[in-house]
Structures are given as C-alpha cells and as structure tokens.
Amino acid sequence: MKTQKEIIISVIEKISKNLINSEAVLTELDSYIGDGDCGIGVRKGFEAVIKVIPEFFSLDLQDILRKTGFTLAYTIGGTSGAMLGTGFIELGKGLKDAKEPSIYDWAEALKASLEAIKRRGGNTKKGDKTMIDALEPAVESLVDSIDTSREIDIAKIFEKAAYEAEKGSDTTINMSAKKGRASYLGERSIGYRDPGSMIITIIFKSVSDYLKTL
Amino acid sequence: MKTQKEIIISVIEKISKNLINSEAVLTELDSYIGDGDCGIGVRKGFEAVIKVIPEFFSLDLQDILRKTGFTLAYTIGGTSGAMLGTGFIELGKGLKDAKEPSIYDWAEALKASLEAIKRRGGNTKKGDKTMIDALEPAVESLVDSIDTSREIDIAKIFEKAAYEAEKGSDTTINMSAKKGRASYLGERSIGYRDPGSMIITIIFKSVSDYLKTL
Amino acid sequence: MKKIINMPEDFVKEMLKGLADSRPESIGYIPEKRIIYRKDPFINKVAIISGSGSGHEPDQAFYVGRGMLDAACAGPVFAAPTLDAIVDSARLVDKGRGVLFLVKNYTGDRANFEMASEMLEFEGGPVVETVIINDDVAVKDSTFTAGRRGVAGAVFVYKIVGAKSEEGTNIDDLKKLAVEVNDNLRTMGYALKSCTHPEKGSATFELGDDEIEIGVGLHGEPGRLRIKYERANATINRLMESIISDLPYKSGDEVALLVNGLGGSPISELYIAASIAHDILKSNGIRIFKTYVNNYCTSLDMEGCSVTLLKLNEEFKRLLISPADIPVRYF
Amino acid sequence: MKKIINMPEDFVKEMLKGLADSRPESIGYIPEKRIIYRKDPFINKVAIISGSGSGHEPDQAFYVGRGMLDAACAGPVFAAPTLDAIVDSARLVDKGRGVLFLVKNYTGDRANFEMASEMLEFEGGPVVETVIINDDVAVKDSTFTAGRRGVAGAVFVYKIVGAKSEEGTNIDDLKKLAVEVNDNLRTMGYALKSCTHPEKGSATFELGDDEIEIGVGLHGEPGRLRIKYERANATINRLMESIISDLPYKSGDEVALLVNGLGGSPISELYIAASIAHDILKSNGIRIFKTYVNNYCTSLDMEGCSVTLLKLNEEFKRLLISPADIPVRYF
C-alpha cells in the first residue's frame, strides 16, 4: 500500500497537469468578467509546482502542502494565487505534525483551510460568485460524509465532493459578483461562470479520478 | 478764444459721454469675437474720467492727458484699457512741456502715441484686426494733412481723420484676427467688426464734431 | 485613448524608471519586481514598507525616502503587488530591526501582504508586523463586507510612522502608533469623471455627463450614492458631514486637513474645496493645525477629490511636520 | 461642465481664499485685488513679483514665500491682472530696495506690467525693473509677432532670482541674473486634450480624438503642428529636438530638466516623459544636475506636458537647490 505522502505527491501532480491543460477555458471565463489572466497564472503556478515535485520526497506531508501553497502564491500572482496558495498552506498547517493523519484530521484541516481562504478573501461568503461557491459545498460534503459514514470509502467521498463542487460552480452562473474583480461589473457579471469555481471543480475531480485508480 | 487746455478738457468730456453711450454696441461686438467685456470696461473707464475732470483745471495739458490715460488703464482693465491708456499717456508725454503746443507738436505726439500702442500690443500691425486698423489711417491722415496743407483747418483735418478711422474700422470686418483675444478664433473671427476699431472711430468722430462747434 | 505613454503594458515599468532616473542619488529600483527603495544608508531602524496596485501616484513609490517609507511595492495598474516582490522588498530593506507593512484595506493587497509575512515567518526571514489602514467612511464596516477601504488618509500614516521610525523606535511601538493614527483618521471622496485604465483603454466605470459619484473608492468602486452634479459647496458639505459625524470630530478638536486630488482635477479646484472645508470646520469649532492640498493618492486621471481629517495629539503634530526627503516635491 | 467649483465667476476668488486659509501663517490675501503676498517679515531685499491670468496654478500665487516670490497678482482666468492690482502689490511689498517684475511674455501681461511701472514712476512709487520671460521655442521670435511666449520655464527664473534676492542683492544685479537665466532656458510642450474654461464652460480649443497639438501655448494657442496621436517616445523626441537645437544645448553641458504637467495628466505619465527625456539627454551627452517633475505651470485641466531645459552654471545650481518656503508642497 502507498503511504499518504506518496498519494499526496501523485495527487498534486495530477491536479497540476489537469489545471495546466485547462488554461484556455480559465482564460476565457476570466476574460468575460475579469482581466483574463486567470488561465496564464494558473498554468504558470502549476508548472512551477511540477518543477518542485522532486524536492517533495525529502519533505514531510505538511511541508509538501505548504511548499505547494507558497509556490502557487509566488508564481500565479493575482487573487487566485493568493487564495489557492492559502488553501494549500493552511491544509498543511491544519494537519499539525501527524505522520499518517486520520481521515478526521483531514476533515479538520480542510475546514480550517476553507475558513482561511474566506478570511483572506475579505470574509468571502457563498453567493459572492467566487471559488468559495464550489469549495464550501465540496468541503461540507466531505466533512458530512466522514461524520456520517460507518465505513469510509474515500474514493466515493471525493466523487461526491467533486459532484458538489461542480454543482456549486454551476450556481455561480446566475450570481452577481460581490467579491473580486468581477464585482466591479456588478449585475453585468450575471450569465458567466466564475473561473475560480472552475479551478476548484477541476481540483476535486482530479483527486476523485486518481483515488478511483488506487 | 479758448485755450488748448480748455478745448482738451471739453473734448475729453465729449469723448467720454459718447463712449459711455456706446456701451451696448461695444459689448455686442466683443461678445461675437471676444469675451464681451469691452463695453462695460469702456463705460466704467470713461465714467471714472468724468469724475476726475474737476481735477484737470489745476493740471497742465500734458498731465491732463496722462491722468486720463492712467485713469482709463486703471479702471477699464483688459486689453482696451491698456491700449487706450497708453495712447493718452504717450500723447501727454509726446507733447513735452509746451504750454500751447503747435499743430506740428501734436502731429509728432500722435505719431509717438500710435507707435507706443503698437509696441504695447506686441508689435501690432495694420491687418491684425485691432484698433490699430482704425487708428493708424486716422493718424496718418492727420499727419499728412498737416504736412501738406498750406492753411490749417483743424476741424476739416479731424473730419477727414474720423472718416479714415471709420473706413479702417470697416476693413476689420473681413479680417482674420492676429492679435488679442479674437485671434484665438482665427478664421472664425471673419465677418465681425473689431470693437476696438469702433472705439477709435467714436473718439475721432467726437473730436471732429466738437471742433465743428467752435 | 490618448496618454503620455508608450506601450500600455510598459506603463508601470517606465514610470518607475522615470522616478529612479530623476532621483539617482536617493532612489533604487528593481524593475523585475517593481520595487522602489531607499538607497541612502539607513541603519538601526525598523523598515517601513507599503504597496498596492499602481495608478495611485504619488502613492506610494514617490513617498520612499528618509522620514517616510523605506520601500514601496508597486503592482500592475489597480492590481495588488505580487507576493514575491513583497517578500523580496522586506528582505532588501530589513536592517535587523524588523519590517512594518502599512497596507490599505483592499482584498488583494491584504492577501498578498499577509501571505508574504507568513512566508517570511515560514522561511525565517525578518520579523514582520502589518497594520491595515481603513480610513474611508463611505463604506460602512461590517462582518459581511471586506470592511472599510483604505484611501488617501494612508499618507498621514506613512508620514507619522515613517518619521517616528527614524528615531529608532521598536516595531511594537511603531505598530501601536500606526493603529492609533488610523483610529483617528477619516476620509471620503467623490468623483466627477472616471479614469482610463492604460491597458484597458476605456473608462473603468461609467458616469453620466451630469452625474457625480459620492464616496467613490480608489478604483471607482461605488460608494454611497450617485447624484446629479451640484456645486462644490453642497458636495464638500456632504463629505464633511459624513467624516465629522463618523469619528466623531468634536468642537475643540485639533485636526490636520487633507484635500486630495484624484489625478485629473487641477489644484485650483482642490483649493476651492479646501476653502469650503475650512469654513465648515470653523463653523464646527474644529481647529485646523495644518492643511495639505495636492494630489497625494490618485486614481490615474480621475477627476474629483477626497477630504481627510486626522485628529491630532502633540506627538502626531510633531511627527507630521518633521521633514521628509521624498521624491515627490516641487523644489 | 463638471468641476469642483461653485459659481464659475467665483473661481479665482475662492481658490485664492483656499490658499490663504491653508497657509495663514505665511500668506496674505487681498481679495478685491487678487493679490497674494508674503506675510512673514522680510527686510532689506528687493521684492520679486510675478503675475498673469489665473488657471496656471500653482503658477504663480502658490510660489509666494521665502526664497521665491514676494507677491503674485492673479488675473481672471486666462486674462492679465489689472494695472491697479499690480501697482498696489508693488507698493505693498516694496521694502525700499525696489521691485522686480518677472513677467511671462503674453501681450496682456506685458502691457499691464509695463503700464504699472510707468505709473509708479509717474507717481514717485518704488523703483521698478521688469524682465520678460520667453522660454517657449515653439513660436519663433520675429519682429512680426509678439515674440516667443513665456511658459513653464518661468518657475526656474522665479526660483533662482527669488533665492538670490534673499541674499540682499541689488535690483540691477537681480535683473541681470533674471535675464541670464532666461537666456539659458528653453521649453516646448504638447497637448493631448484641451481645457475647459470655468466661465465659458466649453473647451478653449478643439482637438480631435486622435490628435495632439505640438508646441501648444499656455491657453491652447496653436504651436508648430497638429498631428495624429503617437507614442510618447516619438512626441517627447520632437520636443527635445526642438529644445536642444534651439539654444543649442551641447554635449558636456549640465542642465536642470523640468517635466511640467499641464493640469489634467497624472504624474505617473509625467514620469514616463521624464524617463524618455533622460534617455535622450544621455544619448546627447548632456548631464542632468537635477530633475523636476510635477504640475508647475498648468492650463486648467489640459492634458499634456512640457519639457524645459536650463543650462546651468555653479551660481544657478546653488540658487536652484536652496530651500524655498512656498505654499505648494506635499509635507
């Protein structure tokens, strides 16, 4: 069986590749209601992550996540860099110093990470038309599954979370943006999907897809 | 017979009254191609001159003219104030200290006064669409009459000068302004009479009319 | 769009080059990171850094110098400076006494400065403290919003804290001072005309020919209300009422008054606003210690102005009027 | 028309009141005559006075103070100050050492200042000398025109002569100095957008959406040519070529560079122009002693800038950088 560290490294690689391949669609979405740099930023950020993966093998789980976060924040630039960076950093911090954290440790860390992103975004809430609209339902679904399931099937749990992320992302289409650059458009932002929510969907789908192969 | 000083005082009074009564037409002309303050300024200026006339009786000829000039410059404001003021001041200066200046002294002083106005205006020339277009022909006609006449009839000489002033003023209508505020309009100043040339015409007409009554 | 620029994407780079060219003796410039820093030897002091999107000049790059900022991080126009630039600037100007970030309350700026201080902590860099400036009374603070914005009043924070830092004061006391200045600071502005973003080439928001926006933010974010154009007396009165009642400033208080142009309004108009503000303050019994009128924190070529009051104490007064050797000046 | 004003006809009066309100300790104001004067005790010096139409702020009222002007006479917007105001201001600030008028070469200004000095002579007032400033290279001097205009370079004349006057220098030497500065001074500007006269309420001249006016005067008087909008590199090059070849400035010369905003362009853009000017000067081997970038002599809210070079000697350098305590400042 693979260690969590090995899994995490593979998952990060998978996420990175999928997001790099999504450059065009993210750029398109950001150009409707933002400044059109989201795709480029995300591609650059995850290319940089792939470059540092070799270093991951000498780090512990927590520092892999933090390193990923700092790398993203450093290279993406813009709001999505700060938000995604914060997410990974806080996830790493939230796992404390457990070598093989339990599923409950992960649930706590994910909740803390979500809260940190919301704080960093200036008290972002669901309905503001940001990545939170995808991330919050996904994290809630995860936590809920963990709390209520007798037998834990992480592949299933993540499949459900990814589904919730996508549903949440869909809801952003009819929202008028309250946070971020799209909020400058106000009502005119209605009718377009938030690019950040798409990033979150891709991240959860990548995890879910990977877990199915185990 | 009246002294020159008495005549000058009466002439100045006559000029003042006629120009005060021309406020409306000067305002109208200045509002087409300037800032519309020419009439008000001229009225105020010559009202002030009328107020100081009582002081004139204790002054000599030269200082009456200078005082008139300074009063105009002081109260009219704007370009016409400076030009008319200069004209009277230089006329006074030009007469030197002659008690009863000869007609030739007057011719010299008028020439000097014309030159001073042109200098003060920034080398104004005939054709620039300013008061010079009326003043220069009037002064030239005067000088010419004096130089060429055997017997001097000042009433006639001034009648001719006033006629030349008016003819000169008429020529400004088809000119494109090169000096003063109207020059900002360039070609668009064509079709309107220059208000300053109208002032000069009124001044020479006033003198001519007065001299006829002697 | 007509501007004094070359390629729009070089706007920030060329402007900062112009600054460094113009002040070679005192200003250093790192083009790749858009960092402007003090070159003259300064030792044994806490380093003061600010930063934000560009387009607010002279804020902040032009406030770098003895008695004010030690470095400024410039983002692209109206976009936060990047994390790496902030981290690098802190490492560059730290003299072992720590670094104080003075940050106007905009989400992107906060996020990047907060991340930078976490990263410096993670990597064992200099000690960092951060103070968030939020002087704009137009937007009410609440747990539902990103909070009040930081606007022109920020320059008083830089000035007072920068002056104090020259005295060798430690980072905790400087942080306390910055918070205290911010607590006594209130600003509100209005726009007569939107600004043109050099890269977008079009107005960043729309304002009708006879409309003004009251309580506008530094990038044209809406404020309290959009109304028909009215005389300056009426508008400055609105701003002053909102400001005075917010702290509130009371009869007998002594203040510094800042009338700040948004970039496209000439100083003649700013002084008309100052004249009105003086009359209002007098009629409220509020004493004016010193008046500052100019373009301090702009929004590109936006027309309009903001008014700031800072309630003073003796320490603030002393630090406010102490000299600062900064690149933006006349002689 | 939207501006930060009340009644358009009160524009000048209220702006000058704002100035006096903002600097009560140092600035006196006579509203009926629109005179701004130094209040602090100054003795045993020749008084330096300038004046012109309003709308060029900070020129000149905001340059009144120790080390620069002793009084400024403000006319209505874009119209010469009146004779009575000039006469009164001279009487007001004369300390028995005489009065030097520094006048930009515009017909109305010249006429009124010349008349004032004649009148003062006629009435036995203070001794007056006048120096005409004509730094604009856009319009060629000739006996057929009113000659080259006086534009932004004038501030260097005020600064250097004002500083020298503080040393107790006599009026003849000051006059000589002013002429010498003017002789080494050249300026040329361009406009991107016209300005709006507050009382007229409309643009003072028309410029197409894609046009710029090269060699524009301080009120939008036409200059050399009207061309299609182009990058700043190209336009600043045109200005610099005209300026450099006019004196001419030569390799090895040391100059002060002034990049002056016309009122509506933000300083970010002015610093882009400064960056370009620096590169051009360097490539010509001309050394830059000091760079001045800001709105020094404006045309209301006109967009654009002018560039000025002053060829320096040791005396000019010393006087240029000596401190001046003037109301327009940041801190």
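First chain written, first letter: the chains are A, B, C and D, and each begins at residue 1.
Simple rule for what comes next: a residue touches a chain if its C-beta (ideal position, glycine included) is under 8 Å from a C-beta of that chain, and two chains touch if they have at least 3 such contacts.
In this text the structure is predicted, and so the values were computed from the model without any measurement.
Steps from chain A to chain C, minimised over paths through touching chains, total 1. With contact taken as defined at the outset, chain B and chain C are each touched by D.
Between the CA-based centres of chain B and chain D the separation comes to 33 Å, rounded to the whole angstrom.
Once the centre of each chain is set as its mean CA position, chain A and chain D turn out to be 59 Å apart.
Each chain gets a centre from the mean of its Cα atoms; for chain A and chain B, those two points are 86 Å apart. Rounded to whole angstrom units, the spacing between the C-alpha centres of chain C and chain D is 29. Across the assembly, chain D contributes no residue in contact with two or more other chains.
Annotation for chain B: no residues touch 2 or more other chains.
Taken chain by chain, the contacts run in an open path, each chain touching the next and the two ends left apart. Listed by label, the pairs of touching chains are A-C, B-D, C-D. For chain C in complex with chain A, the touching residues are 79-80, 82-84, 107-108, 110-112, 114-115, 118-119, 122, 143-147, 204-205, 219-221.
In the complex of the two chains, the chain C residues touching chain D come out as 2-7, 11, 14-19, 21-23, 54-55, 57-58, 62, 68, 159, 192-193, 209-210, 212, 229, 231-233, 235, 263-276, 278, 291-296, 298, 300-301, 303-305, 320-321, 323-324, 326, 328-331.
Those residues of chain A whose C-beta lies close enough to touch chain C in the complex are 35, 66, 70, 73-75, 77-79, 81-83, 85-86, 89, 120-123, 125, 179-180, 184.
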